[in-house]
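Take a look at this one; I'll ask things after.
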Amino acid sequence: MVETLTSHDASVLWVIPTLPLAISMLNLFVGKRLGRWAGVLATMAVAASFAVAVASVADLLSRPAGERLASQHLFDWISVGGFRVGADLRLDGLSAMMILVITGIGALIHLYSIGYMAHDERRGRFFAYLNLFVFFMLMLVLGANYLVLYLGWEGVGLCSFLLIGFWSDKLTNAEAAKKAFITTRIGDTLMLVGLATLVFKFGTLDFVPIFGAAPTVLTKDAATVIALLLFAGAIGKSAQLPLQVWLPDAMAGPTPVSALIHAATMVTAGVYLVIRSHVLFEISGVALTVVLVIGVATALFAATCAIAQVDIKRVLAYSTISQLGYMFIAVGMRAYAVAMFFLVAHAFYKALMFLGAGSVIHGMHGEQDMRQMGGLRKVMPVTFVTFAIGALAQAGIPPLAGFFAKDALLEVAQHTGRTAVYGLGTLAAFLTAFYLGRMLILTFFGKPRSDAAEHAHESSPLIWIPLAILAAGVAFAGVLELNPEGKLTSLLDPLLGALHDAGGLPFATLAEIAVAVAVVALAITWWIYGSGRIDPNAFRARMEPMATAAQHGWYVDRAYDVVFVQPAKALARMTGEVLDAKVIDGAVNGVAGLVQRAAAGGRLIQTGFVRTYALVLFLGAVLVLGYIGVRV
Amino acid sequence: MIAMLLHLAQAAPTAPDAPIPTPALVFRPILPELFLCAAGILGMLYEAFAPRSRRSLHLAIALAGLFGAGVAASKLWNWTGAPFVLGDTVAADRFTVVATIVLVIVAAFGCIYAAHEAGRDEATYRGEFYPLILFATAGMTLIVAANDLILVFLALEILSLSLYVLTGMGGRRSSEAAMKYFLLGAFSSAFFLYGVAMAYGATTSTKITAIVAALAGQTGSQSLALLAMGLLAIGFGFKVSAAPFHMWTPDVYQGAPTPVVAFMSAATKVAAFFALMRVFDVALQPLTWDWTPIVYALAVVSVLTGAVLAAAQRDVKRMLAYSAVAHAGFILAGLTSANTTGIRAAMFYLIAYSVMTVGAFGVTMLVAFKTEEPSSYDSYEGLASRSPGLAALLTVFLLSLAGIPPTVGFIAKLTVFGSAIAAGNWPLALICVIASVIAAYAYLRVILRMYFRAPRGAVVDDTSLVPQIAGLVLAVTVFVLGVFPRLLSGIIEQASILRW
Amino acid sequence: MSGHVLSAVIFLPLLGVLGLVIGGRQITDAGARWITLLVTLVTFSVSLAMLGRFTAADPGYQLIEQASWVPGIGLQYLIGVDGISLWLVLLTTFLFPISVLASWTVTANVRRYMVAMLVLETAVLGSFLALDLILFFIFFEAILVPMYLLIGGWGGERRVHAALKFFLYTMAGSAFLLVAIIFLYAKAGGGTFDVRTLADTAATLPLATARWLFLGFLVAFAVKVPLFPLHTWLPDAHTEAPTAASVLLAGVLLKVGAYGLIRFNMALFPEASKHFATPIMVLAAIGIVYGAVCAISQRDVKRLVAYSSVSHLGFVVLGLFAFTQQAVSGSVLQMVNHGLATGALFLLVGMLYERTHTRQLDEMGGLASVMPWLLGFFLFAVFASAGLPGLNSFVGEFLVIIGTFAISHWLGVAASIAVVLSAIYLLWSYQRVAYGAVRDEHRGLADVSAREVVVLAPVLALLLVFGVYPKMLTSAIDPATARVIEHVAPDHPTTVVTGVEVADEGSRG
Amino acid sequence: MPLDNVVFWVFAPISIAAAVGMLVMRNVIHSALFLVVNFGCIAVMYLLLDAPFLFAVQIVVYAGAIMVLFLFVIMLLGVDRGDVRTERLFLQRPLAIVLALAFLAEVTVAIRAGVGFSTLAPQGFEALQPTGNTQAIAEVLFRDYFFPFEVTSILLIVAAIATMVLAQRKVRAVTQAELVATSEAEVAS
Amino acid sequence: MRTPIAYFLLLAGLLFAMGTVGVLVNRNALRIFMAVELQLNAVNLTLVAFARMHNDLTGQVLAFFSMVVAAAEVVVGLAIIVSIYRRRRSVDVDDVREMRW
C-alpha cells in the first residue's frame, strides 16, 4: 500500500494553526483586561481557522484524486548530521477531515464556552488554554512528520493537563490533571521509542519517505514492533485498555473542555495516529489484530462501566472510551473510512451530549449526580431535545449519524467473517443503548428528585444555540455518508485504499438487527427506570457487588494503585531516602568520616609528653636504619 | 660580655708568625654571614650598653644587617672565583645565593613582625631578639653554603640554639615549647652527628665534594655510607619536620611567639631543605637508588600525617604546624626525582611555601591578640565581618597552601608532582594530591569559621597598618608568582645546578 | 591571532572584581549590584561579539590566542573556541547577568557576594576556553573557591556542610585529573600541555596507560557532571546554595564536567573512550533513571530539581559516549538547554522561597491562585524541563535518545523512561506547590515584580526559541562534534540513516 | 694479650657499667657521677686510639667543665632528692629498650659490613704527627678547618646570649594564679 | 694496637643506644640531657676510632668540634631547664604537657 500521491505547495496551511495560537498568546498575557472579549476573540479565531480550513479543503477537493496532498515547509526544526526534521505541514484527506472537525466543532464549543464561563474570573486564561489546545491539535493532524505530530501530541496533553486542572483549588481536580498527563505519557514514552526505532530504520521521520520505503525496509517483526510502540501512544491518548483510567477522572475539568478535548478531538488522536500509520500496521498484520482486540475489549469494558455510573459526566466519559473502542475495532479491521466516519459522527454527538450535560449541570447549579435529577425535560426543553438527539444517535437509532457509523462497522465485521467481533460489537451496542437510555430517563424523565432539579432552569441562548447546531449536524451528517457519490469518507480513498468486501448478510438485515437491539435496550431501560414498576435502587442493590464494581471501573484504578503506584512510590522513597542517602552518600560520608576518625585518633599520638615524641622519632629512626640494614 | 670578647679574639686570624699555613682567605662568599654576624654583635652591644634600648633602633640595625647580607648575596650571583672557598668548606654558587636572599627576606619579615608585636605589649619586648634572629639567619645561610658536613652540623647548631631561645621568649607556653624543642633537637642532632661520623668513617672526609668523589670512585665504604645516609636523613627529617620526626612541630609552633614561628617555619625549612639537597643530591648522589625510597616513604608518611592531623586541629597555629609537616612531605615528594628537576621543584616549593606561611602566621599574630587563646579556632569565628582585610589575607594564604589556582601554591604543587611523576613515582603523586584534598579540608575549616560564622563576643583584632601591608605584599606575591611563575622559575633554573 | 576577544570575555569580570576591591567600603550595596550587573552585561555583549566573529562551518578552534607562559615546562596561555564551547560560553555570559539580577535581594555582604560571582564567571569562562591542560585545570580548580564562598556564605541552614562537601568532593575528583595531566605530559612527550598537540602525541602511549589516564580524567569530570554514583554532593550543594548559585551551579558548572569529557577525554584518549563507552553509558542510563526516581521521593523542591539535574546530565553523558552525530550534538545541545531550563527552575524556586520562606513541598500549596503569573512561569519551566516538544529540552533529549538507540536499543529505552518519570516528579511537585488550598500565611503574597520579570523573561523566551529553532545552535555545534566523532570513532556510523535513500524533497513537495 | 687489649677490655665494661649506673640511679647526683666515670673511660679509649690531646680535652672539658656545670645546676635547683621513677607512659620502657636493641643491631650490621670485626688499625699513625698530636691537630684545624673553627665562635656567642636571655629575671616569674591554673588544667586532663 | 677498630665502634654504638634509652625512659630533664651527652660522647668515640682506622687526624678535629658544640649545647640546655624550673618548680618533663593533640 504505497502512497503515490503527488503533492503541491500550499502556502496558507500555516494560517490554520497560527490563528488560535496568536489569540491564545494574546489571551494569556492580556486576557484579564479583555474581559468578555477574550471568549469572543477566541471563538472568532477558531472560526476563522475553520474558514481557512474549509477553503483549503475545497482547494484540495478541486484537484484530481491523485493529487490531493498539499504540503508546506516552514523551516528546519532539527537538523543534525544527516538527520533532518522540518516544521512541515501537510493536508490530505485524512487531515482534512480532522481539521474540519477540530475547527468546526471547536468553534461551536468555544461559542458555548463564552456563556458557560461567563462568570469565571479567569476566563481569559481558560480561552488561552483552549485556543492553545486547538493549535496543538491542528499541529498534530497537520504535521508532515512524526515529530511535528509528536509536538502536537504532547501539546494537547499539556493543554489537557492545564484544563482538567483549571479549577485547581480543588486538589482532586489537580490530581486528575496530573493523572491524565502522566498516564498518557506512559504511552507517549513508548511512542517515543517507536519514533527512535523509526529513525533507526529509516533515518527520517517524514511520512512520505517512511511510508514509501516501509514495505521494502521493514520486516514483519520490525513493523510489528514499531506499530505496537506507536499504538501504545494511541492507547494512552485514546484511553484504551489498559490506560483508560485517566479519562473518567478527567471529567473534573470544565464541561466544554470535556466536550472538546475528551470527546471530540484529543482522544481521537490515537485513532488518527493508527490510521495515519496504517502502512506500518498493515505490514505487521499482528499489530492490527492487537488493535482490534484492544478495541473490542475496551468497547465492552467501558460500556459495562458506563451502566453503573451515577455522575452524568462519568457516564459520558465511559461512553467515550467505549466509542473509541469501536473506532479501533474499525481500524483493526482495516475499515479506516468507517473509523473516520465514526470519529466524525462521534465528535458531533458526543460533543453535543457533553455540552448538553454541561447545560444540565449549569441548570442544576453544578450538580452532576443523576440521582438528584429527574424531570428536567420540562424545565429545560431545548437541552432535552438536543441531548436526546445525541443519545439516540449514539444508541444507533436511524437516521441519526451514529446509526450509520455503527452499522457500517458491524457490517464490515460481519462481511469480513469476524463473527466474534460482530457478536461482541452488537453486545456492546446493546449496552450502549442501555446506559444511554438509563441516563436519558434518569435525567430528564420522572419526577425531580431534589430541590435543585425542581428549580432548574433552561440555559441562555449562548449555550443552547451551539447545541442546536450540533444537533442538526448529528441529524444530517449520516445522510452525507448515505449518498454513495458524495460520500464524506471518499476523501480518504486515495490515501487509504478501498476495502475488500467478502460479502455476508445483506445491509438491510444487519440494520434491522442493530435497530432492534437498540430499541430493545431502550425499552428495558424504560421498564427499569422510567416505568415506575421497578425500584431502580432495589434493582441496583440486587446487582451488587457488580454494580459498585462497575461504577468504580472494575477497580482497575485501585488495582493499579496497589500493584504499581504504591510499590513505585515505596521504591522511590527507598531509593531516595535509603539507597541514595544512606548507601551511596553514606559511602561518601563514610570516607570522610574515616579521615575524621583517623584524624581524631591520630592526634592522640601527640600526647604532649616530650618522651613520646622522642620515642616516635626514635621509632622512625629505627625504621629508616632497618631499611638501611636490609640494603647493607 | 667578656666571654664574648674572648670569642671575638678567638675568631681573629692566627698570628702571622704561626707555622701553620692558613687557607686563602676569600671573604666575599661569606660576606652575607659577616654582615649578619656584625649586625648581630652590634645589636648585642647596643642592648648591653644602652640604658634603655629602643625597638626602632634594634629593628633598624637588624634590617640593615639583613639588607647588607642580601645585597652581598646578590653580588655573588655572578661569582667567578673558585667554586669552593675557605679550605673547600664553603660553596660559592647561585644555589646559596637564592637561599640566602630568601632567608634574609624571611628574617626581615620576622623582625618586622616581632617589632610590631613587641610594640603592642612592651612587657614582651626583648632586645636580644634581633641579634638572635640574625645569628639564626647566619646559621641558616651557612648551612646552605656549607660544603663540609661538620660545618653543616655547626651551622645547624647555631640556628638550633638560637631558635631554642627564640622559642622560649614568649609567654607561659613558650618555655614548654622551648624545652620540648630543645630536648628533641639535641636528641636528633646526636643522630645527625653520628651520621657525620659515619660519613667520615665511610670516606675519610666530611667534605661534600670529597664524599661524592669517594663514593663515586668506589673507594669509600658503601655500607657505612648507607648508615650515614640514614642517620643524616633522620637529622634533616627532624629539621624539616618530616613525619615521623615531626612531633615537636605542633607544640613548638603553638607555643612559640608568633613572629618567631613565622620566621622559623619558613626559614628552617628553607635552610634545612637546601642543605638536604646539597647533601643528598651531591654528597650521596651515588647512593640515589638507596635514598630515594627513604625520601619516598618519608614523603608518604608526612603528607598523610600532616594533612590528616591538620584536619583535626582546633588551633590555627597548630593546624599550620601540621600543614608544615604535610608540605615537607610534598617537597620530599618532589625530591624523589634526584636531579635538577627535583631540585628546581623543591626550590620553587620552598620559596612559595615561605611566602604563604610567613603571611599566614603574620595574620595569626594579629587576630584576636588580646584574648587568652588568640589562635584558637573560636577566635576566628566571624573574622570576615570583624576584620575583612585580615580574613581576606588569611584566606589567600590558606588557599595557596591548599594549592588552589591561581595562587603560587598551585604552581608549587604542580612542579613537585611533576617532578615526582617524572621520576616514575605517580602513586606518590596520587597520594600527595589526595592528601592535599584532606589538607584543603583543614584549611577550609578555618575559612568557613571566618566567613560563615558570626563573631563571638567583642573580640578585637590588631588592624595596624604595617603588618597588614606586609601581609598584602605577601598576598600579592602569592598571586603574582601564581600567575607569572617564570619570574621565579627563571632564577631557579640558573641556581639549581650544584657543582662538585 | 584575531584580536583578544576571548581574553576580554574571560577577564572582563576580573576587572570588575578589581573595581569592587579597590573601591572598598566606599561602594554601597546598590553600587556593587549595579557595577556587577554592568560588568556582566558588558561581558555578555563582548561574548556576542565573539559569536559574531565565529565561523559556524569551521569545525576547528577559532579566535585562538597563544602566548608562552612558563617556557620551562611548555605552559602556554592558549585559548580558543569551537562549536562546542561557543554556546557554553554564551550560556555562561548570559546566565551571569540574570543571576546577578536575581541576587538583588541579597543584603548581607553584598560586595563580597558580587566579587565571588565575578570571580566565578572568570573561572567558568576560562574553563570553557582554555586549550592548555594546565590552564584549564587552573580555571577548573578556581571555580571551587567562589562557589564555596557563595554556598557557605549565603546558603541555607546546612550550608557549611554542603559547601565543604562540594569543595572537597570536586577537589578529590580533580586530584586524579591533575596527576593524569602531569603523567600525560611526562609520558606523551612534546613538552607541551597544548590539547591540540597532545591529541596527537597521546596516541603514542601504550593502550593500558592511555586507559588509566582516561580514567583519571574521567573521575574528575564524572564528579563534576555528576555521573552516578558520584552525584551525592549535588543535592546538598543545590539545596543549600543561594538562588543565583544554584542557577549557576546547574546552569554552567555541571557543564564544565561534561565539556571536559568531550574536550579532553575524547580528544586525548579516543581509543580508551571507545573502550569504556559501554560502562559509562550504562552508568549514565542508570543515572537518568536513578536521578528521576530519587527526585520523585523528594520533599524539598530544590533537592528535587537537583536530582532532576542528575537525571538530565545523564542524558548528556549517555549521548556523548554514543558517538553518533545525533547523540553527541544532542548532548551538547542538552548542556545548553539544561542550563537554561534548570536555571529557570532554580530562579523560580528561589522566588518562591523568598516569598514563602520554605522549600518544603508540603508547606506550600495553592500558590497558583495567589501568584498566578509566578506559577505560570514556573509551569512553563516545568514543562520545558519535562521535555515537552516545542520547548528546548525536548530537542536535546530526543536527539540523544535516537542517537543512542542506534547504538544500543536498551539504553535508548532506559533513557526514554525518564520521559515518564520526569513528568511524574515535575508535575507532582508543581501540583503540590500550585494547587490545592492556600495556606493562611501565604495569602496576599505578591506576584512577580518587574525586576523578576526582567530576570525570567529572557530565560523563558530562550526556552521557547531553542525549542522551536534549535538549528540556531546546532549549525555551529554540528561541525565540531563531527570532528570529535571523526577523531574517536572514524568507523562509527555518524548518521543513523540506514537502508533508505531519504527522499529529501519528497517530504516537502 | 697486648696491653691495649687489656686496657680496652677493662675500661669498656666499666664504661658500660657506668652508663647503666647512670640510667638506674635514683639520685640525679649519682647518675651524674656515673656519667663522669663513663667519660673517664672514654678518655682512656682516646688514649688507646692515639689521641692524647682529646684525652686531655675530654677530662678537662667534659669531666671537668661540663659535668661540673651539670652538678652545679642540680644543686642550684635542689632536685637531688631522688626522682620518681615510675613510668606513666604506656609501653615506653619496653619499646625504648626494644628499639634501642634494634638500633644497636642495625649499627652492628652496618659496622660489620663496612669495617669488619677483625680489622685492625693500620700502622704509621705516629708518622703523621711528627711534632706530636696536639701540633698535628692544630695543623689540621687551622689549615683545613679554619673556617669551621671560626664559626664555632658564633656558636659560642649564641650560647652566651642564650644564657643571658634565659637567665634574666626580666622574664616574668610565674604567678601563683598561673601555677594553680596550670595544675588545674593538668588535673582536668 | 691489637684491638680491632670495630670494638670501639661497637662500644660507641652501644653507648649511643644506651644514651637513647636514657632519653626515652627518664622523666627528669637533667637526666635526659645527660643521656644526650652520653650519645655525643659515643659519637666522639666513633670519630676518634675512625680517625685511627683511616690514619687521618681529621676525625680527632671533628671530635674536637663536637665537644665545642656539646659545651654550647649544655650551656643553652641547662639555661632552658633552669628557666623552666623557675616557672614550674619542676624538672619533670612529663609535667610539661600543656600543649598536646
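What to note about this one:
Here the chain labels run A, B, C, D and E in written order, and each chain numbers its own residues starting at 1.
Basically, contacts are C-beta pairs under 8 Å (C-beta built on N, C-alpha and C of every residue); 3 or more make two chains touch, one makes a residue touch a chain.
Only a predicted model underlies this, so the values are computations on that prediction, with no experimental measurement involved.
Each step here moves to a touching chain, and the least such steps from chain C to chain D number 2. Common neighbours of chain A and chain C under the contact rule above are B. Chain centres here are C-alpha means, and the one lying farthest from chain E is A. Across the two candidate interfaces, A-B and B-D, the one carrying more C-beta contacts is B-D. When you average the Cα atoms of each chain and compare centres, the chain farthest from chain C turns out to be D. Comparing each chain's Cα centroid with the centroid of every protein Cα atom identifies chain C as the most central.
In terms of their C-alpha centroids, the spacing between chain D and chain E amounts to 4 Å. Averaged C-alpha coordinates give centres for chain C and chain E that are 65 Å from one another. Note: centroid distance chain A to chain D, computed from Cα atoms, is 100 Å.
Centre-to-centre, using mean CA coordinates, chain B is 25 Å away from chain E. Chain A has residues 603, 606-612, 614-615, 618-619, 621, 625, 628, 632 in contact with two or more other chains. For chain D, the set of residues touching two or more other chains reads 89, 92, 95-96, 99-100, 103, 106-107, 110-111, 113-115, 139, 144-145, 148, 152, 155-156, 158-160, 162, 166, 174, 182.
The set of chain C residues that touch two or more partner chains comprises 168. Interfaces, counted as pairs of touching chains, are A-B, A-C, A-D, A-E, B-C, B-D, B-E, D-E. Put simply, chain C touches chain B in their complex at residues 69-73, 109, 112, 134, 137-139, 141-142, 144-145, 148-149, 152-153, 159-160, 163-164, 167-168, 171-172, 175-176, 178-179, 182-183, 185-186. Partner chain E is touched in their complex by these residues of chain B: 150, 153-154, 157, 161, 164-165, 168, 172-173, 175-180, 182-183, 186-187, 189-190, 193-194, 196-198, 200-201, 204-206, 250-251, 254-255, 312, 318. Contact residues of chain D toward chain A in the complex are 89, 92, 95-96, 99-100, 102-103, 105-107, 109-110, 113-114. Looking at the complex, you find that chain A touches chain C at residues 7-9, 69-71, 73, 75-84, 86-88, 122, 125, 144-145, 147, 150-151, 153-155, 158, 161-162, 165, 168-169, 171, 173-175, 177-178, 181-182, 185-186, 188-190, 192-193, 195-197, 199-204, 206-209, 212-213, 217, 569, 571-573, 575-577, 580, 584-585, 588, 592.
Interface residues of chain A, counted against chain E in their complex, comprise 603-604, 606-611, 614-615, 618.
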